[in-house]
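Both complexes below contain chain A, partnered by chain B and then by chain C.
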Partner chain A sequence: MLELLIHQILAGLFRASYYWLIASGLTLIFGVTRVINFAHAAFFVLGGYIALTIDSLTGNFWIAVAVATLTIGCIGVAVEMGLIKPLYKIESLYQLLITFAVTLIVNDASKLIWGAASRSMKLPTELAISVKLAGRSYPLFYFFVITIAIIVFIALYIALEKTFWGLKVKSTWRDVTMAQALRINTGRVYTTTFFIGSLLAGFGGASMVAFTPVAPGLGDSLIVTAFVIVVLAGLGNLFGAYVSSIIIGIAESMFLLFIPELDILLIFVIMAAVLLVRPWGLFGER
Partner chain B sequence: MGAVWRKIADLLAITFIAVGVTLTFDTFLIYLTTLFLIFTIFALSYNIILGYLKLVSFGHSLFFAAGAYGVALFASWVIPDMLLSFLFGIVLAAVLALIVGYITLRHSQIYFAMLTLAFAMLFYALLVKWRDITGGSDGISGIPRVSTLFSFPTTETYYMFVLGCFIISFIILKLIDVSFIGLIFRALGDNESRFKFLGYNPVKYRILALVVSGTFSGLAGALYALLYRAVTPDVAYWTVAAEPLVMSLLGGSAYFMGPVIGAAVFVGLTTATARLAEIWQLVMGLIIAALLLGARGGILGVMERLWRKRF
Partner chain C sequence: MVSPDRRRFLGTVAAGVVGIAVGAGLGWSLRLPETREEKVTFTVPGPTVTVTREGQTVTVTREVTAKRTLPKDTIKIGVLGIRSGPWATYGTLIEEGAVLAMEEINAAGGILGAKISLAIRDEAADVVKQARELVEAEKVDFLVGVDSSGNAMRVGPIMSELNKILVVTHAATHRFTEELVYKQKIKQLFRVSVPVYQDGILAAYVAKDLPVKKWAGINPDYEYGRVSWQFFKDTLSKLRSDVEFVSEQFNRSPGTTDFSPFLSAALGAGAEGIYTTNWALEAVTMHRQMKSLGIYDQVMAVINPMSYSMDVVYELGKDYPTAKHGTWVSGRYVWFYPKTSINERFVESFRRRWGRYPAYSSETTYTAIHMLKAAIELTGSLDLDTLISAMEGMVVLSPAGARWIRPDDHQAIYDVPYGKITHVGGEIPILTDLVTRSAWEYYRSPPF
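Right after this comes the complex of A and B.
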């Protein structure tokens, strides 16, 4: 029983780390720019596709991940500067709509380029080892992703809390007008945030493609899970999002074990319950 | 007298064209006009949320599908009667709109777009998953267009039913538009703080707007299911909600007639570019992006700027 429990918790943590890699960028971008980037999961999936192509060209997993991460970061910046920037001044409705348009375009474009079938790539040999723990063997990739998620968490923490750049971001986050009055280039802060958020999406997508295949439509279900996590934590609450990723990840993994039919309903039940009791989220401010 | 005629000129024009279409006896044209009428109801109801309240909903595929599946499920599991199943579909959509509104609109409208998407995806997943009841990805076919009092066996006769529903819906939605309640919705969309300051409860009116909108979306969905006499889970996929969104933006979401113009152009475009069906989402995305950056007022907005005259 204990062995099973450990197994489920580990699988849950793996799931949670996967979700965190998506939700972190989404909530970071929202916190700073007040734009809900609908295209975030589409970027994540696009990162996976790009990694696939680079991997088949070079045969090197690490180069593929690096190239895909940077490409998605640049696409994020291009979208922000070309499409979202002209719309910051007017109602938030239009920023939401433009990211939705980007989602539709990215989804169909990747279907056009990479086809409708689901595709995956092989794990590099150094990660394709399994590790024995409590009587069961686990793929090393589990621990790799969990570690990466923790590193991302710590890196974001240090960047936001311990650096001068973080101070600028946080003041933009609090009050844009005041930040501008203090001669903070908020436009650049916005663009940088989009770059970092998209980097995270690209990196997550590129590394996960070695484990779960990508297919058109994957982004649609991922963005829903990411939204639920972000709403659960309270919008824009970055570190709360890590906790709610873990809650969702472990809850999913546990429920799949005991009541497999409920897997889709589960996150919605959690979400609806939280929204009815605390509409501002678990860690949000009222 | 002249003022009255001007007020109902839009309805008269559409009815005139719609009746004119039947005189051609061209089945394909009648089918296209049926689609246009259904999507106009859908887009007009969607625009209550987008144009009046200035909220983006991705949950309208849910209400549309609730109407469609309401008809199909009632007809295949309870009584195979067209009128009763039609009414059931509409009521189901209204009830779901109330539940979704109650959960998503209470705190912050930032949540609204994200959460309506989540609910739409949940509904889609349930439709695919509960094979025994919903037929899974095959859906339900053989929905009867027969009731105790009437039946509409052909596309041409069914067209008259759709036209009747359209005229009733159009009148109700137009009355909402010109009445106090339409003014309330617009005021809420324009400035929530001032709205609250006047002593109104924004949450209550947002939920009311969503229920009205969801009900008519459900009506459109029910008509859609009866047109094909079959439903598949595709009608519940969230990208379906993008269609009335594009129609509203295309025509001009600030105008009552915007979604009508948008629906006409949209149905025309989809038919003319049937070869692009594979990349239709890409085309829609490009249209939305172009409209947002170039012409946020839509077709009517551009015309207004050209002629300096309000439509």
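Right after this comes the complex of A and C.
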């Protein structure tokens, strides 16, 4: 039984790591710019597509991931500067609509470029090495992703809490008018936030495609879980999002083991229950 | 099927009979007092016609159009398939079959001279709205396609109101034919593809002969997944008393990108075999993850009913994993079965047109259009009731073999085998150790 629990926890952590890579960008962008970026998961999947194209050209997984990550970062910036910036001053509904439009465009563009069929690439040999744990073998890739998620968490923590740039981001996050009064270039902070958020999504998608094939529109279902995580943590609470990713990831694994009939439902039950008791989320501020 | 030349000949003969009858009648009325009697017998299809002619030669002028014609020059067929989202590839597969049928039929002169045209819509964008628009705005004569069982159950009930024939070519829920056609008597609905009897019941016949006693199910969490798993369990428990179903999981579909917790829970429950009806993207994901998590080395056999679909086969290709006692898969048609000239010709022309082996929903859609053609040619009519009664009980010779359209539930009865994924070199694996059972044996039959 203990072994089984270890396996489920590991599988949950692995899943949670992907949730975190999506949710971190989503909540960071929301926290700073107050834009609910519906296209975020579409960027995640697009990262996968770009990675598999680069991989088929170069045959190198690492180059593919790097190029895809940067490309998505740049696409994020382009979308922010070209489409979202003009909408900051008006109702947030319009921002939601424009990011939804971007989602549709990205989905159909991927279908046009890469076709409707699912696509995937192979795990690089160095990550395919199997590691024995409690009687089962896992590819090294598993631990790689979990580690990367932790590294991302630490890096974001340092960037936000220990640097001057982080201070500027946090002050924009708190009160944008005050930040502007203090001569912080909030426009640039917004763009940088979009860049970092998209970078994380791009990296997540690019590395995922070695384990999970991508198809156009896959992001539409991923964004739902990402929203659940972000709302559970409290909208805009970055570090809470890591904890709630892990809560959701492991809860899903455990429900599968013990109450498989209800596992999909229970995630939403958890969210509803938390929102009833703490409408501002587990880690959010009142 | 009646060929145009033979039809023209029969028409002429019939016209001749009518002409002579008229002539005879006229002759009889003009007869002279002393006459001699002559009997002439014509043989035409149907009852023998005897015309009695008396008197001298009479000249009769007659004007008859012998050729059967349709009231229109174009027959428009609406095609529904999933064209957006993670399953978008299936809409393309349906489209490829429809386009090939249209091109071939039009090149050979159309249906009784009328050309076919297609109107293709995305069923994922509200299937009911799309079907209505196809019928009301695009004025289609028939509808074919539909990938999702949920969509088939939504669009089925409105077909009696729209009063058009819908031939389903992929959606597999047994409720479509058992409930909508058999119980609710919506006579406009037909299905030329196999229902879940294939996914659930025939799969149990495969499992019966495997050395697996503990089965785990990992199935998509909607009607198709749940019903197939239920059929599998029910049938296998009847066929073998020593099997156990140790774990049952239902994954979100579409949208499951990581099967590891499901697989881990199944192994934890001691599964020796895994039964999954995940398909398309999720089938690819699951097989790949089972391989990288080493699960293929730990279970004896895997059954995945729809995974000899060409999108899955091409995507996994040479890496399609095989378990010790086989990865058993099937489809609604597999391209190399049966070995008939019709099938070989179809595969050949499909490959020429699209550069790939035909997927099952391409074949079923191709067949649906040919079935409509046969019904129209047989009756010479576009009248709905005439066509429906022509299609009930019709035997369609198709690439997948002879399909009999069972009149009670409008379900095509034909055999599709299961087989073991085997790599023989080349781009895609083939199936060996085929399990071929007659559809009569494993299809449920009315009364339901």
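Just so it is clear, the second predicted complex is superposed on the first by the 285 of 286 C-alpha atoms of A that agree within 3 Å, B and C clash if a C-alpha of one lies under 4 Å from a C-alpha of the other, contacts with A are read in each partner's own complex, and residues count from 1 in each chain.
The rule we apply is simple: a residue touches a chain if its C-beta (ideal position, glycine included) is under 8 Å from a C-beta of that chain, and two chains touch if they have at least 3 such contacts.
Computed from a predicted structure; not experimentally measured.
S.K.: Looking at the combined model built on chain A, do chain B and chain C fit side by side or clash?
M.R.: By the criteria stated at the top, chain C and chain B clash after superposition.
S.K.: Between chain B (first) and chain C (second), which, if any, makes contact with A:L93: first, second, both or neither?
M.R.: The first partner, chain B, only.
S.K.: Check the residue A:V228 against both partner chains and state whether it touches chain B (first), chain C (second), both, or neither.
M.R.: first
S.K.: Regarding the shared-chain residue A:I158, is it in contact with chain B (first), chain C (second), both, or neither?
M.R.: neither
S.K.: With the two structures laid over each other on chain A, which partner does A:I264 touch: chain B (first), chain C (second), both, or neither?
M.R.: both
S.K.: With the two structures laid over each other on chain A, which partner does A:D220 touch: chain B (first), chain C (second), both, or neither?
M.R.: In the superposition, A:D220 contacts both chain B and chain C.
S.K.: Is A:A134 touching the first partner chain B, the second partner chain C, both, or neither of them?
M.R.: neither
S.K.: On the A-aligned overlay, A:V102 touches which partner chain: chain B = first, chain C = second, or both, or neither?
M.R.: In the superposition, A:V102 contacts chain B only.
S.K.: With the two complexes superposed on chain A, say which partner A:Q8 touches: chain B (first), chain C (second), both, or neither.
M.R.: second
S.K.: Scan A:L275 for contacts with chain B and chain C and give back first, second, both or neither.
M.R.: In the superposition, A:L275 contacts chain B only.
S.K.: After fitting the two complexes on their shared chain A, where does chain B collide with chain C, if the options are 2-10, 74-82, 128-136 or 164-172?
M.R.: Among 2-10, 74-82, 128-136 or 164-172, only one stretch of chain B overlaps chain C, namely 128-136.
S.K.: Do chain B and chain C land on any of the same chain A residues, and which?
M.R.: In the superposed arrangement, which is not itself an observed complex, chain A uses residues 107-108, 220-221, 224, 264 for both chain B and chain C.
S.K.: Across the complex, what residues on chain A touch chain C?
M.R.: Touching chain C from chain A are residues 3-4, 7-8, 10-12, 14-15, 18, 107-108, 111, 115-120, 122-123, 128, 130, 136-139, 141, 208, 211-213, 215-218, 220-222, 224, 252-253, 256-257, 260-261, 263-264.
S.K.: Across the complex, what residues on chain B touch chain A?
M.R.: Against chain A, the touching part of chain B is residues 50, 54-56, 58, 103-104, 106-108, 110-111, 113-115, 117-119, 121-122, 125-126, 129, 238-239, 242, 245, 249, 278-282, 284-286, 288-289, 292-293, 296.
S.K.: Going by the contact rule set out above, which residues of chain C touch chain A in the complex?
M.R.: Contact set of chain C toward chain A: 83-89, 91-92, 221, 247-250, 252, 254-255, 257-258, 260-262, 264-265, 267-268, 280-281, 284-285, 288-289, 292-294, 298, 311, 314-315, 319.
S.K.: Which chain A residues qualify as touching chain B in the complex?
M.R.: 36, 38, 83, 86-87, 90-94, 96-98, 100-105, 107-109, 112, 220-221, 223-224, 227-228, 230-231, 235, 264-265, 268, 271-272, 275-276, 279-280
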